[in-house]
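Next up is a structure, given as structure tokens.
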Amino acid sequence: MEFQPTIISFLCNWCSYTGADLAGTSRMKYAPNIRIIRIMCSGRVDPTFVLKSFREGADGVLICGCHPGDCHYHEGNYKCLRRFKLLHKYIQQMGIHKDRLRLEWISASEGRQFADLVDNMTERLMELGPSPIKEIMEIA
Amino acid sequence: MNNRVNPGFKKELQKFGMSEQWNECFHCGNCTAICPLSENEVLFPRKGIRVIQMGLKDKLASYVEPWMCYYCGECSETCPRDANPGELMMTLRRYLTSVYDWTGMSRKFYTSKWWELSYILFFALLVIVLFLIYLPLRPDAYLMVNESGGVMLNHLVAGISGDQFIRIIEFGDWAMAIIVAFILVSNILNMFYKIILSNKSFKVPFYAYFTEFWRLIYNFVTQSKFSKCDDKNYWVGHMLLMTGYTTMFILVVVALPAFQTEKVVDWYNWQRLLGYYATFGILFFLTVVTIGRIRKKDIKLQYSHSTDWLFIIMLGLTTITGIVLHIFRLAGLPAATYYMYILHLAILVPMIMVEVPFSKWSHLAYRPFAIYFSRLKQVALSKQYSTGLAPAI
Amino acid sequence: MENSEKKKPKLKMAVYWGAACGGCCVSVLDVHEKLFDITELADLVFWPIALDVKYDDVRAMPNGYIDVTLFNGAIRNSENQYMAMLLREKSKILVAYGSCAHLGGIPGLANFTNRDGIFERVYDTSESTVNPEKTRPQLKTQVPEGELHLPYFFDDVLALDQVVCVDYYVPGCPPQTERLVEVFMAIATGATLPSKKTVLGAWDKTQCDECIRTKTDKKTIKEFRRPYEIEDDGETCFLEQGVICMGPATRGGCGYRCIKGNAPCKGCYGPSPDISDPGAKMISSIGTMIDSNDPVEISEIVDQVADPAGTFYRFSLPGSIIRRKIL
Amino acid sequence: MEEPRIGVYVCWCGTNIEKVVDVAEVAKAMEKLPNVVLSKNYKYMCSDPGQDLIIKDIKENNLNRIVVSACSPRIHELTFRKTLEKAGLNPYLLQMANIREHVSWVHDDKKAATDKAKSLVAAAVTRVNHHEELQKRTVDINPATLIIGGGIAGLTAALEIADAGKKVFLLEKTNHLGGVVAGIDQSFPYFDSAQQIIQQFIKRIKQHENVEVLLNTKAENITGYVGNFKMPLPMLGIDAELEFGNIIVATGLKPYDPSAIREYGYGYLPNVITSLEFEKMLMSGKIETKDGKTPEDILIIHCVGSRNKNCHEYCSRTCCMTALKFATQLRSALPKANIYQAYADMRSFGKDCEELYLKASQKDIMFLMYDQQKYLPEIRRAPNREKCEMLVEIEEILSGDMVEVPADLVILMTAMEAHEDVKDVARTVGVSLCGNDFFIERHPKLDPVATTTDGVFIAGTCQAPKDIPDSVAQAKAAAARVLSSIDVGQVEIEVTTAFTNEDLCCGCQTCISVCPYKAIGFNEENRVSVVNEILCKGCGTCSSACPTGAIRTRHFTDKQIMSQIEGMLSMTKRKSKKTELEV
Amino acid sequence: MNKIPSVGIYFHYENNGYSNGLNKQKIEKYSDQIPGVRYIGNSHDLPPIDKNIFIEKLKGSRVSKLLIAGYDPGMVKPFFTRIMSESGLDPTNITLCNFRDYGIMGRADEQMAESLIYCAVMTVNPDEIINKVVKQKNQDTLVIGGGIAGIQASLEIANSNHKVSLLERTGTIGGHMAMFDKTFPTLDCAACILTPKMVDVGLHPNIDLMTYSEVKEVTGGPGNYKVKILKKARRVDLKTCIGCGICSEKCPAKASSEFDAGTTLRKAIYIPFPQAVPNKYLIDEKSCIYVTKGKCGVCAKVCPANAVRLDEQDQEIEITVGNIVVATGFKTFDAGKVANFGYGTFPNVLTSLELERLVNAAGPTGGNITQRTKDKKGNWIFTEEGAEPESVAIIHCVGSRDVNNHQYCSRVCCMYSLKLAHLVSEKLPDARITEYYIDIRAFGKGYEEFYERIKQEGIEMIRGRTAKIEERNGKLHLRSEDIINNKLIESEVDMVILAVGLEPREDAQSLAKMLGIDTNKDGWFEEANYLTDPTSTHSGGITIAGVCQGPKDIPDTVAQASAAACSVIQNLITKKNKTLDKTVLISLVEEYVNKLSEITEDQI
């Protein structure tokens, strides 16, 4: 069977989660590889969550927030962006491919964009193959 | 082609009796769809209404579709805005008649009751005057009764023989026919120019003129298009009328000596039977239409232009005077017959001279030709489609 | 008083080092004159740096014979691992002593590479090495006296609790000696000890709590700087001057020694209780401080942090979530 | 807290979920997870019997944690929380897994969908282990209301509330009340005088004892929370402050600037004007070209800036009717003029508006249809030999002809669009904007006036373009909410807020500037940060920023989220050999 | 009164029949004798065409202000603005006095017209005089109609801690919205968003839900209405019924299901739909064998809770309320009236409401879109096994925008047709779906975007009204003009959906009479003021919400329902209620106005 990656994704409640819901209510089909965790704001995404996800076997992590300027909490998404950049640098230093972690802006009306994003990321992760992190981290 | 919209054009059409609701159409396309005669490349009435609303005069001149409409009234009945498309088609036919008519008479008649009336009056007086001066009643007319008691119609005029009289009338008939024919033919050529020649977007293949010619005759005779309308009775009535007057026309023009005989033939004789048939046909349909136009219940008869009434009146009077004439003749009243004959002609002649070339009756020629031209156009367009030369519509 | 104390049997104590610099052992010695107080209360049964007690002697001890073992240093090779397991067996209380045993420490930075990488560097490419045969350490070497064994060199450096169960942690590089004494005294006097797996000898609160530099809520960073790039007034919070200081995420207890010496905290005392990954937390915290909303500018600022992993995980790489580089 | 005893419920949602997800298998897989006492599947969990099932199980099996895997928590989380409450459990001991919007509706592959559902439900189960009881709290409502915007919506809302005897602060950023309606001569479809109406409103507002009008004032620096908002008024002194309990945003929209559309030449063709400029002509009674000539040909172009991807994709809702109104007015004022309308779709949908369309048709107005996306009419100056000022080329759809329309005056029916400063207003009141910069309502259908921020309501065109009656209705609806909340006097506030663990807080103060609501203050005495939980909206940014883990966000703690991650990935056991390590 | 205004007055009457009953001469004469007022003319005698006549008249009569009174006087205002401007007068000095306001429209009420004119002359807001304020004696509210408007209004009032009685004619609240599958443009499922609200209503401590009841008689006035209510015999006890459904299972009698828009059959004892509130059964007396023939009673025998009361009779109760919210909604246009579409003759010509049920997962076919097939008895029914249509045509504006039926636009059909097209294409991706429209009216928030999306989904949009549907060889034959592509379309489809418009309920008129409120020419309830008070009536105690005032979509309905609640809550807070004084006496008005304008002058 073809390798099916698992994506853990953190979606902010107001825009991205609603956008994902919209994809659902609009019955837009996308790859079943994504696992969504609802958080109130992308600003709540702690790098720890991302690392934890990789550690537990996620092949990719996707963070989605409101578009810049649209944050329900004013600037949470900017804070997320800043952390993300630093974190992104760190994970690359740790030998994790940069495409395994993505931050994207999805608004409440972008069901289609969300579906496309998931498909796109799934495809990329299939190219990259399974993430070895979990096995490497395991201590025999 | 100047494609400038022309809001003033409506005034022009209003002169031709355009109904008040002309601008209420919001172009839902219901009329085109419900019309059983509308077909691809011959879309109407909606497109016609659009041309009216926008006042595209040049486009209208080459617009053949109004002639395809036989005014069953279904479009007007179901129109969601009461814009009365059928009546607008009628208006267009009046207008187009005036467009084809190079003499300009048609336009005058349609737009001015007085013009038409005085023209009619002129011809009526002309007939009367000619008769009274050149063909006066002979003094011994009371003797001109044959053995069966009928009036010897051809011998009522002083100074000439019965044969001479017939020949004079026959000459008059032919002269009238030729004048009318000339005007009609030249108008049809004008129509041909406007519809086919001036339109540069297609070119009619030469063979089509012949291959499609049968339609002209066929439609003239059968009015098969009309029969496709949902109201079949109307077609039957119109058929009666049409065959009636055609019969009469043939009788009085082609077969006048055989028709207008000295002897009163037996009632079952062909000439009397045909005459009765024609009279019945005309009278029947005229009555139906007159009642309809007065009651205004049927949508197609709701709106009556002055020319509509005039046509009905003239044709009715012609028929009635004909009948009275016939009765006088059978009753053996020579003087009454003579004067009734003059009256009959005094109505018939202006009717033919006005209605056939310039007014409502001209449709007898325009309709079949329009079908013919429209077929030519269709053939041309479909040929261009297949060769890829068609302009994108 | 003496009598009552004497009634209590003396504690048996061991100190061992794994992959360590020796600093921790020195820190034990740093108790100076208090050593006598300690020896009053405890017998040192095993301390390779100070006593000649062989591994066999340890093996001979009954299980649970030793009351307290202070294990310092990370687990680098099979010997470290073996001794950790052995001492676990023999000790009632096993204390991970110092940063290396706690979270991996400085040796843990070897997790950016692996065994082959290290050997290549050490035995081949380092500037002072001449080794044309590319000789590598052999696990077994036959010598006239018999067979010599070398421990197996692991790919990864591990913290102590990644190989054995650890009862308590005493963080620091090295641990503050006063804290050691306090811990020891607590154990020795039989005070009720906190629940297992907790950190001793450090506060729950982090460095800032003690730090006397003035702190405001304006922690925004437009530019990251190295300590030498600033003119430190000795009073302003390092972070507010753009210098990465691990203080906010590092337990207090060391007496903010570095900061007192006008150097930012490096994080040897490890994270506060609920934090599973101090580096990630610091990335989060420091990232938040970046003073820009423009993606391009943010990238530029982030680029000024030359070595995020080395900065935020200097003492804690093996103990963190992503405990080694993916090679 | 006692040992968790978890009940798991997997909903079929009729066939919505059941068609794609093997609900029985999902329920079965959950039974094996730690602390799960029972796991069931049911046709409609949200139905009364479904909820009764949960209540019964809680009582019979002593459950103290519930996982419902059904639709989006955005839809039914509240429903099930109420269910838990009915069963005597704290409502926050519930976790929902969204296996409809995120699984069954978006995936076709039954196996993959079922696997995904399992992992989502498992995540909910592991998470719910760490849920804590949270207590509801209420705050008192200040009976005063702030209304932002003095247009028709703002005025209506202000009068409704003031007439009920409650204080209203009416903020208007310009120096006059009335908004867009003040610039309109007459309204459609009955041609009432908009001036008369708006002046009556303004007169009443000015005389009203309960209304305080603040002109030239922008809504800025609003702090506080539902029931207790504050806004400083620096121009009235340093300490001057408004205090109010609710906010109605009625900032309206502004007309689109058509100079961006090249075809229309607005700005350099003098006789191309916008609809609002034409209203001014109507009011002055002088309908003439720039040269003072009475226009003979007048063209009204619809959809200027609307329904076109290059401008605004949305429909501005009122322009069609306004255009019909203009045509009718023009016919009255200039009985002989030629009036043309270039429209795209005639959207005369309101009460008596289709009738207005008919009426306009009867008044001899030439309607021309164009394609507002592909071929815009092109206006150019007429050559000197022409009598008219301009010639407009229109690709007329209904006839299929390219036609030329003479025009002395062209009226552009400009779209309505958001004000430039709407983002500032949105930020200060804490309401999000949609892509078109309209305020987002709490629910597009069932809650068109409330927003996601408690105590903040929207009215009128700031939510989307609207005509006067719809704006007024919305304003009244917003007023109803406000009045009802004032009448009740209390409101429940957010429970899932952040709080500080003072034993861990080191006083680094990183969190303080992070908070968008200024909800975190510094306690100098204890040297710790303190969260004002009424101001806190629970975004959780501070939790992430806190380097010591001292700040936690209730219901979104690290532990809860981390266990959710664990649970989610526990179901995907991949059987793959160790692959080559990637670089 | 020292300052005598110099006002010219002109009367404008539209030829719409509204002004027929009014004694115009009397009003004109009256206005001419008001001091300072000059009668200029009326539109019948002096139509506003030649401006010079008017300019001279104005100059001759030396007026500085102009008052235009009558029906929709604004129609001629631009003409007079121009006249004013050209005569050198201030063009803003024109006042309109519309008889449409204050409800003179339906009545020949000269007194009221004169009062309005007098107020307008004296620039006094007529509200202050013509409306009288009464005390709110009763703080309860009656909401008539349990659709989304009624639900919203009830919740709104109940949430402000006031008692509400919600009256619903059928066995459950929910109304039309509950029947819909999805709602446009966000496509969330109607039931998913509505049922929580319904449950809220059912559980709300302040709402007294009265289903299966109708208003019989209303007496009293604002603040204190006495309402006689007919509680129809449900024949199932609400308290004891547990909603188990055994009765329905065993019931031998069937009738067409109202909830499924007649696409299925239900039993004589039934529950309207699974999420009904209250979730209890009821007996339809028309189809129940026991009621019609006096024997059967199976339901009573099998009921485990003994809840069936077969012999229950209708009851009449009386309640007293202070305010009434009317939210009676609409019914869909009877498509059978358009003979050319053959609805009712051709089995696969459906109304939109029927399709709505057909695509719904809980509908007759479990959400499969199938054609009607003949069953053994020869009835055309929907089954899951029926053939899926390969082509579907949706015809807009059925019964709307059509002078032969309803001239008005029903406002929702365009959007729900687009939605239905989407739903069909989703379930039948290979089906050819065509929409025949006149104008697409996608005007709301996100509607235009939805329309664009539908177009991109491959649904064919044809601008052209279908004229006729015929059945040929089992296929439906459609003829329409494709205006934009300039051709005639003759297409054969398997299924035709008629986007039927909305129309007032049959008994809207009688209810209006009972309540003393006006209806407009189409039968919709007339609001107090179209612009400024779209939810009130001239009786302050009665407000109107939702479609009963005129067609509306869901968000507009909900906003209006809340707005209607606003007036009620305001009345409840102030404990006052206002009503139009229909028996206004002109002499009193004059006196009052004069006093009022003196006061304001003093103040100035």
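Think of it as A, B, C, D and E in the order they're written, each chain with its own count starting at 1.
What we mean here is this: a contact is a pair of C-beta atoms (placed from the backbone, for glycine too) under 8 Å apart; a residue touches a chain by one contact, two chains touch by 3 or more.
Small disclaimer: the values here were computed from a predicted structure and weren't measured.
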(request) Based on which chains touch which, give the shortest step count from subunit C to subunit E. (result) 2
(message) Treat touching chains as neighbours: how many steps, at the fewest, connect subunit C to subunit D?
(response) 1
(request) Give me the chains shared as neighbours by subunit B and subunit D. (result) E
(message) So, comparing each chain's Cα centre against the centre of all protein Cα atoms, which one is closest?
(response) D
(request) Please identify which chain has its centre, taken as the mean of its CA atoms, farthest from the centre of subunit A. (result) B
(message) Using only Cα atoms to place each chain's centre, name the chain farthest from subunit D.
(response) B
(request) Looking across all chain pairs, point out the one with the most C-beta pairs in contact. (result) D-E
(request) Could you tell me the distance, in whole angstrom, between the mean C-alpha positions of subunit B and subunit C? (result) 114
(message) Need the CA-centroid distance for the pair subunit A / subunit C, whole Å please.
(response) 34
(request) Would you kindly tell me how far, in whole Å, the mean C-alpha position of subunit B lies from that of subunit A? (result) 81
(request) Between subunit A and subunit D, tell me the centre distance in angstrom, where each centre is the average of that chain's C-alpha atoms. (result) 26
(request) List, in ascending order, every residue of subunit D touching at least 2 other chains. (result) 346, 358, 398, 400, 514, 541, 544-545, 558, 562, 581-583
(message) Touching at least two other chains at once: which residues of subunit C meet that condition?
(response) 276, 281, 284, 288, 326-327
(message) Quick check: what residues of subunit E touch more than one other chain, meaning two or more?
(response) 186, 188, 401, 439, 446, 463, 483, 486
(request) Could you please write down every pair of chains that are in touch? (result) A-C, A-D, A-E, B-D, B-E, C-D, D-E
(request) Going by the contact rule at the top, pick out the subunit C residues touching subunit D in the complex. (result) 204-209, 215-220, 237, 239, 247-249, 252, 271-276, 281-282, 284-285, 288-289, 326-327
(request) Give every residue of subunit A touching subunit E within the complex, in rising order. (result) 22, 25-27, 109
(message) Residue numbers of subunit D touching subunit B in their complex, please.
(response) 297, 338, 340, 346, 357-358, 361-362, 364-369, 396, 398-406
(request) Report the residues of subunit E in contact with subunit A in the complex, numbered from low to high. (result) 182, 186-189, 426, 446
(request) Could you pull out which subunit B residues touch subunit D in their complex? (result) 3-5, 7-8, 10, 20-21, 23-27, 47, 50-51, 53-56, 59, 81, 393
